[in-house]
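Chain lettering (A, B, C, D, E, F, G and H) follows the sequence in which the chains are written, and residue indices restart at 1 in each chain.
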Amino acid sequence: MSDNLMLENAALQVEEALPESMNPVEPFLRSERIPHIWCPGCGIGTTVNCFARAVMDSKLDPNKIAVVSGIGCSGRVAGYVNLDSFHTTHGRAIPFATGLKLANPELTVVVYSGDGDLASIGGNHLIHAARRNLDIKVICVNNLIYAMTGGQSAATTPESCTTATSPYGTFEPTLNLPHLLEAAGATFIARWTTYHVMQLAKTMKEALLHKGFSFIEIISPCPTLFQRRNQMGDGLETMKFYKEHGKTKHGADTASLDMTKSGDIIIGKFVEKKDRPEYIDHMREYYTQKLGRPFEYQVKTC
Amino acid sequence: MPKGFVTITAERCKGCGFCVEFCPTHVLALSSAFNFKGYHPPYVHDAEKCSGCDLCGMYCPDFAIYGTRITAAQKKGANHAG
Amino acid sequence: MPADPKAVLTGVHFLNGDVACCEGALAAGARFAAGYPITPSTEIVERFASRAPEVGGVFIQMEDELAASIALQGAVWGGAKSFTVTSGPGFSLMMEHVGYAAMTETPCVFVDVQRGGPSTGLPTLPAQGDMMQARWGSHGDYEVIALCPNSPQECFDLTIKCFNWAEDYRNPVVLLMDECVGHMTEKVVIPPAEQIDVTPRHLTDKRPGDYLPFKPCDNLVPEMAHAGDGYRFHITGVTHDERGYLAVTSQAQDKLVRRLCDKIRSAADQLTLVEEEGTEDADVVVVSYGITSRVAERAIRMARERGLKVGKLRLITIWPFPENRVRAVARRVKTLVVPELNLGQMVYEVERVAGGLARTVGVTHAGGGVHRPEDILAAIVEGAQ
Amino acid sequence: MLTEIRFAGFGGQGILLAANIVGKAAALFQGGHATLTQSYGPEARGGASSAQLLISDEPILYPYTTQEDILVVLSQEAFAKFAPGMKPTGLLIVEEELVRVSDLPPTVHVFSIPATRLAEELGKRVVLNVVIVGFLAALTHIITKEAYLEALKASVPKALLDLNLRAFEKGYACGLSARQREALPEETAVSEPAWSEP
Amino acid sequence: MPADPKAVLTGVHFLNGDVACCEGALAAGARFAAGYPITPSTEIVERFASRAPEVGGVFIQMEDELAASIALQGAVWGGAKSFTVTSGPGFSLMMEHVGYAAMTETPCVFVDVQRGGPSTGLPTLPAQGDMMQARWGSHGDYEVIALCPNSPQECFDLTIKCFNWAEDYRNPVVLLMDECVGHMTEKVVIPPAEQIDVTPRHLTDKRPGDYLPFKPCDNLVPEMAHAGDGYRFHITGVTHDERGYLAVTSQAQDKLVRRLCDKIRSAADQLTLVEEEGTEDADVVVVSYGITSRVAERAIRMARERGLKVGKLRLITIWPFPENRVRAVARRVKTLVVPELNLGQMVYEVERVAGGLARTVGVTHAGGGVHRPEDILAAIVEGAQ
Amino acid sequence: MSDNLMLENAALQVEEALPESMNPVEPFLRSERIPHIWCPGCGIGTTVNCFARAVMDSKLDPNKIAVVSGIGCSGRVAGYVNLDSFHTTHGRAIPFATGLKLANPELTVVVYSGDGDLASIGGNHLIHAARRNLDIKVICVNNLIYAMTGGQSAATTPESCTTATSPYGTFEPTLNLPHLLEAAGATFIARWTTYHVMQLAKTMKEALLHKGFSFIEIISPCPTLFQRRNQMGDGLETMKFYKEHGKTKHGADTASLDMTKSGDIIIGKFVEKKDRPEYIDHMREYYTQKLGRPFEYQVKTC
Amino acid sequence: MPKGFVTITAERCKGCGFCVEFCPTHVLALSSAFNFKGYHPPYVHDAEKCSGCDLCGMYCPDFAIYGTRITAAQKKGANHAG
Amino acid sequence: MLTEIRFAGFGGQGILLAANIVGKAAALFQGGHATLTQSYGPEARGGASSAQLLISDEPILYPYTTQEDILVVLSQEAFAKFAPGMKPTGLLIVEEELVRVSDLPPTVHVFSIPATRLAEELGKRVVLNVVIVGFLAALTHIITKEAYLEALKASVPKALLDLNLRAFEKGYACGLSARQREALPEETAVSEPAWSEP
């Protein structure tokens, strides 16, 4: 057994020598629930690191940040972050978040979930929330697959990939999320991969501070159910692939962002609009004008 | 004296190798031993090179490693202890 | 706690049931409604859309009923008292979220104004076809509270009850109206705010480290906290422990889901609202609810004019089913006559609870109108023999 | 005493509002009880529309009419559908240009009024319903004129009150003269106050 | 009609219940499935996705369960035999379309592989919590047929029955599996195609002008036609006449919805599948279904070893509820013991039907595993006293 | 009563003289169901005329055309056309049509419904069907409102309009349907108003013959619940407004097609792509290749 | 002799006026009479101008009117009959 | 006679396939009955994984194990969870490098094999499950080796059969020598064929 581990692991001694050091992500975790359920080489945990840094950098009060997830491997994020957090039903994180934000606009409401959850079953809410430009930040971990249920094809699966429900390979066209979101009206749109941790953390911070509907797509490995089945190696190989094929093009035309099985992945911040009013702001103004007196927002009654 | 040090919680590690691969200064290597879960965690192979940049921590999907910069004060303390 | 006078429309009005329901919600403290239009319920949120901004409340019309029925729950955790309204087809779409509310113990109100079904059915005509759906429509085991008004006045009064009980039991509560009551206009008396009893949310006064969102108090109901109040709690629809953390074992399931059911089942008697009259020496008792209870009352009067001994048991609380009251009556009488605007739903419960003590006779009606009192009378006459 | 009234026509004629004004007059401004139900036609919009109003001095149970004391019909379809079911000694009010009356028991009291055209003359076709209400008010004594006027005020937007009052008076005037013309006997079922102020 | 040999995997296999169900569907002639992944049902459509193209069939993974549950019905009217599969949360989302299938008399099959609920519950663990939902989950009055297998072999056999009965009754049929059976692997014998009896669609042979899509034959079931066959028919979920045209009156409602219910209710005895054994001289009969019936069987043997007179009544058909069989047994025995993997669902039906003739004792289990046979035994021992 | 009508109506005599003449739309109607439920001046009936002409012009066999509607005033179209027709559930016409088409690809499947039905509750199906490029023709009667239920605001309602659920006027941003559809992947996209009957009929014909997911938005008056409440007059006034404010711009950038309460309405054929393969075609090819033998399509079994 | 004629089913008409407004040659006018439903249907005001173009038919939301071109043969027949 | 077997470890170790091969061997190639159930851990992926296999000469009712005759554990967690519940005279097979055995009744027959490492040596870590199956096959006589081989052939893709056969044989060889080393008595509960071919 792993007897020699202690010896090899010089770091542990360091930890003893400097006990005040702590993993910077730790305060953002429900540590008692770690180890988490994610597989070796899964990218979801990496995105959580970036999120934790973004929250720190944003200087927002963590007591005023709520995370809402749907169902899926990515949807488990809500269960691990040490914030007010909601693990809702499959596909419905966004409308839950809508109610939450409308009840208490002081909250920074982050939706953290998977591609299947947000863009397949949840697709209707995604486009309508984007249209409203309600100030919700959506973090979509796009592993190109339905992972939690065992690797079925998703609307985001690139052509010719083998999945549990496409044993002959997918032939359905792949959804280009940033493009859809832009057409729907999102005012902040970006895409990174799990390799691009620094950029991702920075973009997350910007989204946290952006006023309006924000969408960050993170291309993330699911070695267990996507990469292995498609002979694309493990998590590490996928990260190297991202490193090589991730091409940063800020402001790229979202129509150009189609994903393929082995082609380049265009990444960057594509949209950041200030011209569309945020939903609640607009509502307040509107009612104030119509009522002829300030609209006193009092949804939170108890 | 290195500029930083890295802390590994071996039993959380699932041996993905992200930290080893993406450490800019190649501080880490995967151990050949198994941890309780049956994975090969990293170990500090070249402690001197560690900058404490915490890139390993950003990458680690299992919250099993992180880097810390050694501040001047700490250096002193460490020297003192050593 | 008295109602907020700002939102109470004290006075005597000529309102339909839908509008009265909205006024009840406002009086009960509802400041958030998420809706999606559907006949014959929409007037409720139309009214709310007009009234809410005056009192700082928000109405949002969501893209569909799935969204409405979960947005309302997000709002609850954000601190609002909130509700949604719908009718059969929409209620079917909300079923997953009725279960979510039960599992996460989210206090909230669903209003279903019943119309003819199944499917699109008779969109503008009354029925009572969703009675069993209200109880069993979502998968898995759970319990709801459901009330059934028979007049606009009761739409007002019982809506307040629904909101109050939602808080008391941290449970979804369903107001089961029907098209006839929803679209019926009558005099509605709205009392002064200080005479309206509103149950505030049972918020914890524990400190963050000490609070467990699913640790029950003596009445099996846990206390609440709101997002943003520093508790950093976790809520999930997965089976969970008292911390709210997933616990995917049959032990955790047993502990949690049994409690969810028991907190309602054990309170069944407190939750029972019925109108009982003339059952002491009756041969036949008519068990009815909602609009049908008014039609039944006419039939009862006709029967008494003929000299028959007929009692009435009107169920205001439908779920939890008022077992004890029905059984007590069944012990005394020959026949229970159960008219409903469906092809037999609550009659199954009556029959079960009667357990052979009394004969149970349903008087069915597929919906689209109300019974002819004569049809109920015929069953009474038959049952008295 | 229970009086059963039905208003029927097609969508857009303001059937429901007419019934609502009468019901409100009875329930709120005359201290009685009133139960108003709508029956939509098969469709929510544009199709047939009908409202049933029960007014009484005691609480009302059964919410629908069984045999109308008063029937107000504004379309031929509505006439065909509902006239056969009314009380043979009841009062029938029809829109003169839209309904041709036939096959009625001679005991029915029939009154007709060109409400649409009168409303058009007033400048807004939509107030035809209030013209009808005025007509009804003059033809029956179940509710006082004052109660009607209170109910009208409580039912229409301020900006349109004047127009509506004119429509009501127009109908009322027609009703009075029709009443005289037809010499409606004081003792018909509908001519007495259904109840008195408590 | 014999099955199409091309699609029948004749032979002896070691299959789990999910896969066996898929093979049953293929044997029954299903060439279209619309699905959406959900544990523990997904293996059924995964298998179908792999097998369908070999036989010219199509699997489509829809964007959600709402879509899956209606796409399947489009396919039926286009000429396919088709089905969808899901589990509790998805089944809740499909409820509106179960009602649509009932109202439009669309022959189709819904498979629900039950897991622990309510809400997301226990995604990977067994339960029998959707029994009442299968009957009452959609708004309004309707009837379904629902069958409950207890082994992979039965998953194969009963899936074929489901498809056949869907055609015979032009009605949605539900296969109520549970996680345990779905994920249980056992030997499955698939007979040669010619030994498998497949019911073809009952297509009309009337000429277009003469065909009325909702005019019932003697068994109250109308004949079918397909889009593209020249009939130019109309289908609606609104209350309709025999032509399929909307008829929004309480008369049309009465005629249509009563028939929809009666066509199933009047066939209840033909639709009743039960296994009854040792009930003749029993003091106690255990009424069970699905996986629980196998656990119950062990408890029954244990009880018999102790000398108790115990019979078994296993319900294979759950809906329409086998009233007559249960009542017949209730007349003879002291106690009916009803173990189920829920907190009491079918036990209500048993209690109702027993009508005081026998005592009814439920043995509840919140799900996440199966009963300990000892718990059922205890209820038997108690019931025998 | 209308006694003088006969005299005034010269046409009736002509009909008697030439009895063989018939309203060209009549064979496409279930005449026994006319008069229909639509209000005076409602635009839906006008679109049906155009559709009937398009079917005739397309030379398609009407026995092989199926019309699928959801629920709404517009959704009633299925009930009036003399074709195989399906009045489904609210929002689900497209997935029903998907099953129908997949079972029998010989059918020309037309989805005819309202804006609320297709783009609010049905929005998820709309984008995913567009993504798939399944050969379904969607005709969306956009009256900017939920009409059937009494005039509530819709995702398509322009800003500042009064509706039953926005008594203070709408403040939510308005959905631009052609833009969303293009991003989702539709290969044929057009918009007309009910005034533009000839253009509409032509475009409908083209869509009927186009292979792939087609979307035609028809701006249509709902005088009863939209125009009157917003002081925009009756059906006729609305038609005149369309005549004046409808600006034809074929191939216009779909991002430029936002609708406002009283601004110009940009109309035309915006997208017609041949480069994306149709779903069933692609599936056949794909399976043929993967199976190593022609994929014999046999979904219709009975 | 006109090039076409128009047929009106007055009882279907809901008086929207589309046909009257958009007939390119102004053949139609709204009648002042009501039909059974209480609407004012159109009547042919200037039959000679009718081209039979059927634009009125395209516009009519109630399928209550349509135009027919008079073919040479029909013209002959009509003449004959007349 | 009923034999209860459990395979347990974590996701990715191929627990289910191992159990499936054994079950298939028993049910299809040796003419008996087998009931295999999976218990997923709390999560579908990556978490704990366990499979319960009952094999018998008569139809099996209760589908789960109650006290395992044979327990195969590939993780420490699985050992801790399941070892206490096994039959005190049963057979325990552990992955040598991942499981440290402790606190067992002395009557349990314990065999360990470094299956992961052996599989890695064969070039594919994933075949560790088949190594285990081979090991089990050699240690027990409930199922013939031929039946195992048939079941293996029926379970793995053609392209990987060779690798899997080598894995099986590797495990089998280890099993034989372990058997000799430990001198497993022929009369243990698990050493006799549970039934014979019909």
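Assume a residue touches a chain if its C-beta (ideal position, glycine included) is under 8 Å from a C-beta of that chain, and two chains touch if they have at least 3 such contacts.
All values reported here derive from a predicted model rather than from experimental measurement.
Undergrad: Quick one: which chains contact chain C and chain H both?
TA: Chains touching both chain C and chain H: A, E.
Undergrad: Can you check which chain pair, E-H or E-F, has more C-beta pairs in contact?
TA: If we tally the C-beta pairs in contact for E-H and E-F, the bigger total goes to E-F.
Undergrad: In whole angstrom, how far does the Cα centroid of chain B sit from the Cα centroid of chain F?
TA: So the centre of chain B lies 62 Å away from the centre of chain F.
Undergrad: Give, as an integer number of Å, the spacing between the C-alpha centres of chain E and chain D.
TA: 54
Undergrad: Let me have the rounded angstrom distance from the C-alpha centre of chain B over to the C-alpha centre of chain D, please.
TA: 87
Undergrad: On chain C, where are the residues touching two or more other chains?
TA: Residues 39, 53, 63-64, 66, 89, 96, 100, 119-120, 123-125, 236-238, 246, 248-249, 369.
Undergrad: Of all residues in chain A, which are in touch with two or more distinct other chains?
TA: Within chain A, residues 1, 38-40, 42, 87, 89, 91, 120-121, 123-124, 128, 148-150, 155, 168, 283, 287, 290-291 contact more than one other chain.
Undergrad: For chain D, which residues are shared contacts with two or more other chains?
TA: Residues 41-44, 97-98 of chain D touch two or more partner chains.
Undergrad: Could you list, by residue number, the parts of chain H that touch chain A in their complex?
TA: Residues 11-12, 42-47, 97-98, 100 of chain H touch chain A in their complex.
Undergrad: Name, in rising order, each residue of chain C that touches chain F in their complex.
TA: That would be residues 35-39, 42, 45-46, 49-50, 53, 59, 61, 63-65, 89, 119-120 of chain C.
Undergrad: Applying the document's contact rule, which stretches of chain H touch chain B when the two form their complex?
TA: Residues of chain H touching chain B: 10, 75-76, 95, 97-98, 116.
Undergrad: For chain A, which residues count as touching chain E in their complex?
TA: Those residues of chain A that touch chain E are 71, 87, 89-91, 116, 120-121, 123, 146, 148-150, 152-153, 155, 164-168.
Undergrad: Under the definition above, what is the set of chain F residues touching chain E in their complex?
TA: Residues 30, 33, 62-64, 66, 68, 78-79, 82-89, 91-92, 94-104, 106-107, 124-125, 128, 283, 287, 290-291, 295-302 of chain F touch chain E in their complex.
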